[in-house]
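Reading through the structure tokens given below for one structure.
First chain written, first letter: the chains are A, B, C and D, and each begins at residue 1.
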Amino acid sequence: MSGERAPPNGRLAVQPVTLEDYRALARESVPLDIFDYVDGGAGDEVTVRANRRDFDELLLLPLCLRDVSSPALAVTLFGQEMQFPVGYSPTALHQLVHVDGEFATARAAAALRIPMIVSVMSSIPLEEVVTRSDNNTLWLQLYFFKDRELTKHLVRRAEQVGCKAIVISLGCPVPGRRDRNLRNEFRLPQTVSAANFRRTERTDFNSPIHSLEGAELDSSATWQDLLWLCDFTVLPVVVKGLMNPRDVEPTLKCGASAIMVSNHGGRQLDTTASTIRVLPEFSAAIAGRIPLFVDSGFRRGTDVLKAIILGADCVFLGRPVMWALAAAGEQGVSAMTTLLHNELHVAMQLTGCASIAELRAQGQSLLRQSRPSSVHDD
Amino acid sequence: MSGERAPPNGRLAVQPVTLEDYRALARESVPLDIFDYVDGGAGDEVTVRANRRDFDELLLLPLCLRDVSSPALAVTLFGQEMQFPVGYSPTALHQLVHVDGEFATARAAAALRIPMIVSVMSSIPLEEVVTRSDNNTLWLQLYFFKDRELTKHLVRRAEQVGCKAIVISLGCPVPGRRDRNLRNEFRLPQTVSAANFRRTERTDFNSPIHSLEGAELDSSATWQDLLWLCDFTVLPVVVKGLMNPRDVEPTLKCGASAIMVSNHGGRQLDTTASTIRVLPEFSAAIAGRIPLFVDSGFRRGTDVLKAIILGADCVFLGRPVMWALAAAGEQGVSAMTTLLHNELHVAMQLTGCASIAELRAQGQSLLRQSRPSSVHDD
Amino acid sequence: MSGERAPPNGRLAVQPVTLEDYRALARESVPLDIFDYVDGGAGDEVTVRANRRDFDELLLLPLCLRDVSSPALAVTLFGQEMQFPVGYSPTALHQLVHVDGEFATARAAAALRIPMIVSVMSSIPLEEVVTRSDNNTLWLQLYFFKDRELTKHLVRRAEQVGCKAIVISLGCPVPGRRDRNLRNEFRLPQTVSAANFRRTERTDFNSPIHSLEGAELDSSATWQDLLWLCDFTVLPVVVKGLMNPRDVEPTLKCGASAIMVSNHGGRQLDTTASTIRVLPEFSAAIAGRIPLFVDSGFRRGTDVLKAIILGADCVFLGRPVMWALAAAGEQGVSAMTTLLHNELHVAMQLTGCASIAELRAQGQSLLRQSRPSSVHDD
Amino acid sequence: MSGERAPPNGRLAVQPVTLEDYRALARESVPLDIFDYVDGGAGDEVTVRANRRDFDELLLLPLCLRDVSSPALAVTLFGQEMQFPVGYSPTALHQLVHVDGEFATARAAAALRIPMIVSVMSSIPLEEVVTRSDNNTLWLQLYFFKDRELTKHLVRRAEQVGCKAIVISLGCPVPGRRDRNLRNEFRLPQTVSAANFRRTERTDFNSPIHSLEGAELDSSATWQDLLWLCDFTVLPVVVKGLMNPRDVEPTLKCGASAIMVSNHGGRQLDTTASTIRVLPEFSAAIAGRIPLFVDSGFRRGTDVLKAIILGADCVFLGRPVMWALAAAGEQGVSAMTTLLHNELHVAMQLTGCASIAELRAQGQSLLRQSRPSSVHDD
């Protein structure tokens, strides 16, 4: 893949075979400091690696002779049927990696009929993203800003423009320390800004999204604030960023409509557990009362498959979207997503499950941990 | 081993010391894309590696002072005495790696008195393989084709030509995604084709065996189809490809004569468990009612030994057969098999077991997991 | 970082991003044999590596939506409020790596309001360290010397000069075998000596601190000696170097005021367990009766966080102090410590704990081991 | 160490710091095929590596403040006081690596007052080894030869020359397959032979000791043969090579005087468990009725320490003796042994145990497995 570059027409010279291939393409397509901003994690990136490794330590035990000629991948989320249980996690400033920015991503999501969570830190104003992409199933991600009126105003904009859900990001009251950004003394290029806000200050090269003048994140937010949010918006509220199952009950009490387990792709607190590691605890704690989503480290169809087996209703992608966008704009994002769709399709067939519901019904009888337990020690 | 090539006369310039040595010889003997087709696995090849690693984490505790001067390795399978409990798994298109193709392999198996499972995707018609190799103990592997008449016709051909068993491959309703093939855009050379079928379409470079026009695999097959197969053939039916012990009971109910645990050498669904990992669960579930076979990753005499200890009646080889065939035709296959025989012979002597039956009788008292358990934590 | 050197004015040309960066700077700043003396551990350095690895295998499960706008990091030790629960472990002969020696370190500690344990093997006499650094919260570390009068005399000096505690080092009755020192045939430079003693013999290149003529360590010391020490000094006695929880009760019976779990940074007995590994056992055994300290391998804010969660009242740093001192004297030590403070500050916020007390109260509900346990084997 | 060679006078130019250093010296001192013959193991050398790794996964929890000024390392074996609990395992043909052969080794053992087990395959006749080395505490190792009269004759020679024990090697009824020897087509040089036998056949390059014409090993030996041996000799019989604790009872019934757990340094059956892994099971099964010895992979003082903690009465060295002999003859063997003695001496002091008996009394309270268990999963 070395030396390959996306040609000017936005089509890839080579057809990537895996999602990781898009990472290599992105590495060729954007300056190193921007690549590192997308690719890097907090600290020693222990969590970044755990997010991948823990999938490989969950082993599958496929079932045979079940009619898998037409696996049904569709799922319904907040009343909308999605083509398959994969969506786009919120990532800031898509124009950092491609001039089309969130237009491209939102168009890909619309064409594929999958959920996209637009970051409040998008490089194109929310209204423009919606109208110009013809995507009427977007969800808006936001933070608790110190200025609650600003927070409320953003929710109202989402409601008015037809967003289908609000995704509130928790677990990031302050920016994680991302060593790569610090080493690169990363600053946003002048040509990119958080378009939903009037003015962007670019002094913190660790985490641009935490340095908006007038839109500071509120590290003092509590469950009261979540209650306030769930109360005043008509949209379902997805609580993103939970990692401790003890937070399930307060979330439900506040009236949230879904939970997304996320360690922010390993970008916030290094040595946080992988999400697949804690997913079964969340599934048990939620017990089907609201949908369960998950992101952080998903790269393979079998990763998605395992999350569903362990109780997830939908899986979200972060970095692969940015990689594919960097590599080839909308076409890249679309092709990357289709690739993952195909991997999941095949994985379901080879696991002997003809539908998402069946995967979940089979549950942990399809899985083993990597260490044998059948040979007993005396 | 670098730089060594099999000389034109089919004899090896150097004598391989291990089965893996044949891999190096094969690498020198065939084009890279064909080598990769044989060598590669699905996805990230997690399962390919697990298939090897899990053997190394099963530790032996040999017994002493038992008369091991004449270990008895012979086993009887379907009424035929075999020299030792190792056979050849079905692998497609032997002419891909050596002009003699299945003739060579079948002759080696006949001379060694071990079972060979001819792939329905053989590059030489079944009848020719049987008659020209003088091997009258072949088993025929096949799939559930969409065209059930074709399926039935192939079984009848096997019965007429004197095959001793039918091996039905499960766990492969669709081809696994093999990244190496996809990267290589692998296509079969024009000179090789699936000779049991009239016409071969070569458009799918991921898995040639899944792209036969008129002989499409049936991804809708169910236990009903297995029942149908077991009912209409006079031959014993071996069900190959089970990985979940929950599939044991339906298999027995359908009337199958043996089960082969297989993850297809890690070529179908990546992150599937290793076969040695699940073998004890199968052994417990079958409880001796029918024979238990296993393949995927066997390279050492101790691998075979451990499978027998854990309940296998016979072990089958995939890639090593193709490697040895590539390296030196029949002579290579024969020498490779003899090497493994010798390793198993020595391993039995050093374990203190004088017969296959004794290995199984000693059972798990001969094994420990790699992690110490004797030192307790407070 | 390669090629970077601290400029003559003691300011760093580049701003290190992690504590490990100071290691690279130190490597550039001092001769290799001195670097190795600081950096090396006993034997194969199994314990040195375990000290790091075991932190990475303890996974965090952060809590959300807790007001973390003003985390309180201060702790009170022996009646003194410290800025945050990190101090400097005793390390010998600071002038080995920087001409300012213990002056620099003590000044940094004073300015940051954190505890510093001055080694009895300091390269500057204790009284000078205290008076010239204006640090009135120093603790003095010492050994049981064969000459008990010398031991007593040193304690009296500490009392008179205003030290706040005596730290008695156990677990080092003889020097550990440090292979790097032995290979380097390490000898102290003539310009550095243990200034609290009249005369230094430099014949043992393995461990200079064990070769003082007239100040030999006493390998026959027993609990009686600890009792003697606790009885005659008015200062609190910290017992440093415990690794076996069975030693907790005798320590308490002797009247010690605190316990520091330490494997001496892996420098004494190789293959000793990591301190984070045994910390929970100590916390359980002490049950809050006296403070619990720990050192050995701490490099990240999350390391400190985990130790506090598992029951530590304060964490101490060894090598990082020497690295930062080597790199840039007092300014280096100060910057290194501030970096760790900032990491801990952020880690607390991202874990959802607003105070040290809350971290300890949440306890092990914030942690998981790296291996998933939620998927059960049959 | 690279480039260093032992000078002609048998003294080392550099002083090795670890036992592994002697390996590097040996590599420089003998031809590669001889080095490989000494260094190699069976198969993939999984057991060779496990023999080392399993020591590193046993963690120590030293005790403090116990008088360790004069640790007592002496032990009494078969009525002879040994300087410390380490001896030399039988290794064949010492003249392969040094012209002085068994003379040098036996002299070193005599001077150090430790047990040496002379291999029946010594390159110098037993009587000459004894008389010329003035070592009157040698033990003779032998096999069950097909010719029982030869076996008996060798025992009688050992009795007459004053050997103190007979060590019967089990677990090697046939030679293990050592891939390095097979690759090297290793043959003994003409100048070296098994001097206790009249004639040596050198056709099997895998295992010279298994190819003596007229002295073939008997792979049909059973417990009856051990009973026969224990009955007719007046010497204590050490049974060497047990790995399965089920073999303890028959060994005791036959009247053996000691058991040596051994996997032959990983040279017989690859993937056999490490000896330290099974040692606790043996200790429990023997329950103090006869002494327990162990070899295979010991390189560090802490390795010896751990074996004693887990129940061993003496530890034996194989390869390190050959490495040191190759490097510098008697002086090398002596220095290597002294180095290990010093490491054990220091390790005992740092563990807080003043005698071998105390180490055993403290037992497993001094140990933990490498994986933390104190943090519980929910």
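We take it that a contact is a pair of C-beta atoms (placed from the backbone, for glycine too) under 8 Å apart; a residue touches a chain by one contact, two chains touch by 3 or more.
The model shown is predicted, which means the values in this text are computed figures rather than measured ones.
Asker: Compare the two sides of the chain C and chain D interface and say whether they are made mostly of the same residue numbers, over half shared, or of different ones.
Answerer: Different, since most residue numbers here occur in only one copy.
Asker: Can you give the rotation angle that fits chain A onto its twin chain C by Cα atoms, in degrees and rounded to the nearest 5?
Answerer: 90
Asker: Can you work out the whole-Å distance between the CA centroids of chain C and chain D?
Answerer: Roughly 41 Å, centre to centre.
Asker: What whole-Å value do you get for the distance between chain A and chain D if each is reduced to the mean of its CA atoms?
Answerer: So the centroids are 58 Å from each other.
Asker: Going by the touch rule set out above, which residues of chain A reach two or more other chains?
Answerer: 58, 245, 281, 365, 368, 371, 374, 378
Asker: So in the complex, which bits of chain B are touching chain D?
Answerer: 17-18, 55-56, 58-69, 300, 302, 306, 342-343, 346-347, 349-351, 365-366, 368, 370-372, 374-378
Asker: For the complex, which residues does chain A have touching chain C?
Answerer: Interface residues on chain A, with respect to chain C: 43-44, 46, 50, 54, 57-58, 170-177, 179, 182-183, 218-223, 225-226, 239, 241-247, 250, 268-274, 276-278, 280-281, 310, 364-365, 367-369, 371, 373-374.
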